[in-house]
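As written, the chain order gives the labels A, B and C, with residue 1 at the start of each chain.
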Amino acid sequence: MSTVINLENVALLGVVTLAGGYQLGSFAKRVGKRRYQVKLAYPAVTGNKDFELIYRAQQNCLEFYPVFMSAFWISGLFFHQVPTFLAGVGYLYAREKYFTGYTKSAEERLPGFRWSVRCLMALTAMGMFGLANILLKQYAGIDVCDQYLRQYIKF
Amino acid sequence: MSTVINLENVALLGVVTLAGGYQLGSFAKRVGKRRYQVKLAYPAVTGNKDFELIYRAQQNCLEFYPVFMSAFWISGLFFHQVPTFLAGVGYLYAREKYFTGYTKSAEERLPGFRWSVRCLMALTAMGMFGLANILLKQYAGIDVCDQYLRQYIKF
Amino acid sequence: MSTVINLENVALLGVVTLAGGYQLGSFAKRVGKRRYQVKLAYPAVTGNKDFELIYRAQQNCLEFYPVFMSAFWISGLFFHQVPTFLAGVGYLYAREKYFTGYTKSAEERLPGFRWSVRCLMALTAMGMFGLANILLKQYAGIDVCDQYLRQYIKF
């Protein structure tokens, strides 16, 4: 018996992934716009405090994007797509809050950041649980919990 | 009825992904080479105009890589791998053009950049169409278009 | 006949992906801690040599993460998850060595870096072999080697 991945079980993950990519593109666009407003010539990224704030906000979002995507897809594939979808939407909302906060001042980045970390922790916990469940069944023959996997078709 | 993902339906996506990873590695190598040529000591990234240009080129490619990969895989999984493959090859070509252009001057980055954005828009549109199609069928029972999914095996 | 992907064939890849995301999060945390220690105010990233070293170490790990993830998943999906898992663990270990080395001095980053490149080369080679195998069968009808694909269920 094996657990096949089908499109219906990852469609909600697809929505968040596309939205996350769009959000990063939107951050890049806003950084470019700010660069134009403060008249900072390419390729410099320093020399204007306002630009440095928004640039650092974008860089931090980029740094955490692979952390997010890793935990998000592992949670969605090995645990369940619905709670993963909700935590993913929460993460993207927290990052929007973080980004707009950081562009005002370094202190205002904190509330959004803390929420994004909470979402990451939830995703990591769900991913670890799902992985442990599959690996225990596969390598030790122990079936801790099979109920949540009903989203997948069984053969 | 569900739509199982199999390796044959993502093999072309795999080619572009491996090529994209290789391209980023190649950009990193060229940045390292330029650092050596202009005798800029680690860990500094500023202080030499030539190095700053190539470094910024690489950073921008890195910033857009997750945007690209997100849209690329969603389009390839939920729409169809063949047009996705073509748009992906177009994106990588545009990024090569962007990178080599930017290393000459900030203005010469623009043609490659514009093409890369067009490819991203095509991928995002295909991904959104594919996702909408699946989600409408799954949650609203509406089957807009089933033809393009013939690449997937049906049960 | 097609080759369906199931969760059991990617569970070990999931473990490395979650660990890789966790590692990047841990690097980010250590950079934040160093910033606090050397009393460098947000959003600056220059002005303190110690901070610049650890920051550059993190940036390089981030630059290579998409290269790693691309080669890792392609190798794991199209070749086999077990050797891919081992190369992936080797890569993460090498990056840890690289990061802790770089925080001491720019020279001490090299041993870890060299091992990480070797792991990347192994992953890329396995990925290329797996992809070539699938594509030759799919588009040219040539079956070079079908044995290693026994990890996948056949219909």
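Assume a residue touches a chain if its C-beta (ideal position, glycine included) is under 8 Å from a C-beta of that chain, and two chains touch if they have at least 3 such contacts.
None of the values given here were measured: they were computed from a predicted structure.
Student: Under the over-half criterion for shared residue numbers, do copies chain B and chain C use the same patch or different patches to meet?
Tutor: Because under half of the interface numbers appear in both copies, chain C and chain B meet with different residues.
Student: Quick check: superposing chain A onto chain C on C-alpha atoms, how many degrees is the rotation, to the nearest 5?
Tutor: To map chain A onto chain C, rotate by about 120 degrees.
Student: Could you grab the centroid distance between chain B and chain C? Build each centroid from C-alpha atoms only and quote it in angstrom.
Tutor: Spacing between the chain centres: roughly 18 Å.
Student: Provide the list of chain C residues touching at least two other chains, using ranges where the numbers run on.
Tutor: Touching at least two other chains: 4-5, 46, 62, 66, 69.
Student: Can you name the residues of chain B that touch chain C in the complex?
Tutor: Residues of chain B touching chain C: 4-8, 10-12, 14-15, 17-18, 20-22, 24-25, 28, 41-46, 58, 62, 65-66, 69, 153.
Student: Which positions of chain A touch chain C when the two form their complex?
Tutor: Contact set of chain A toward chain C: 2-5, 46, 52-53, 55-57, 62-64, 66-71, 73-74, 77-78, 102, 106, 109, 120, 124, 127-128, 131, 134-135, 138, 152, 155.
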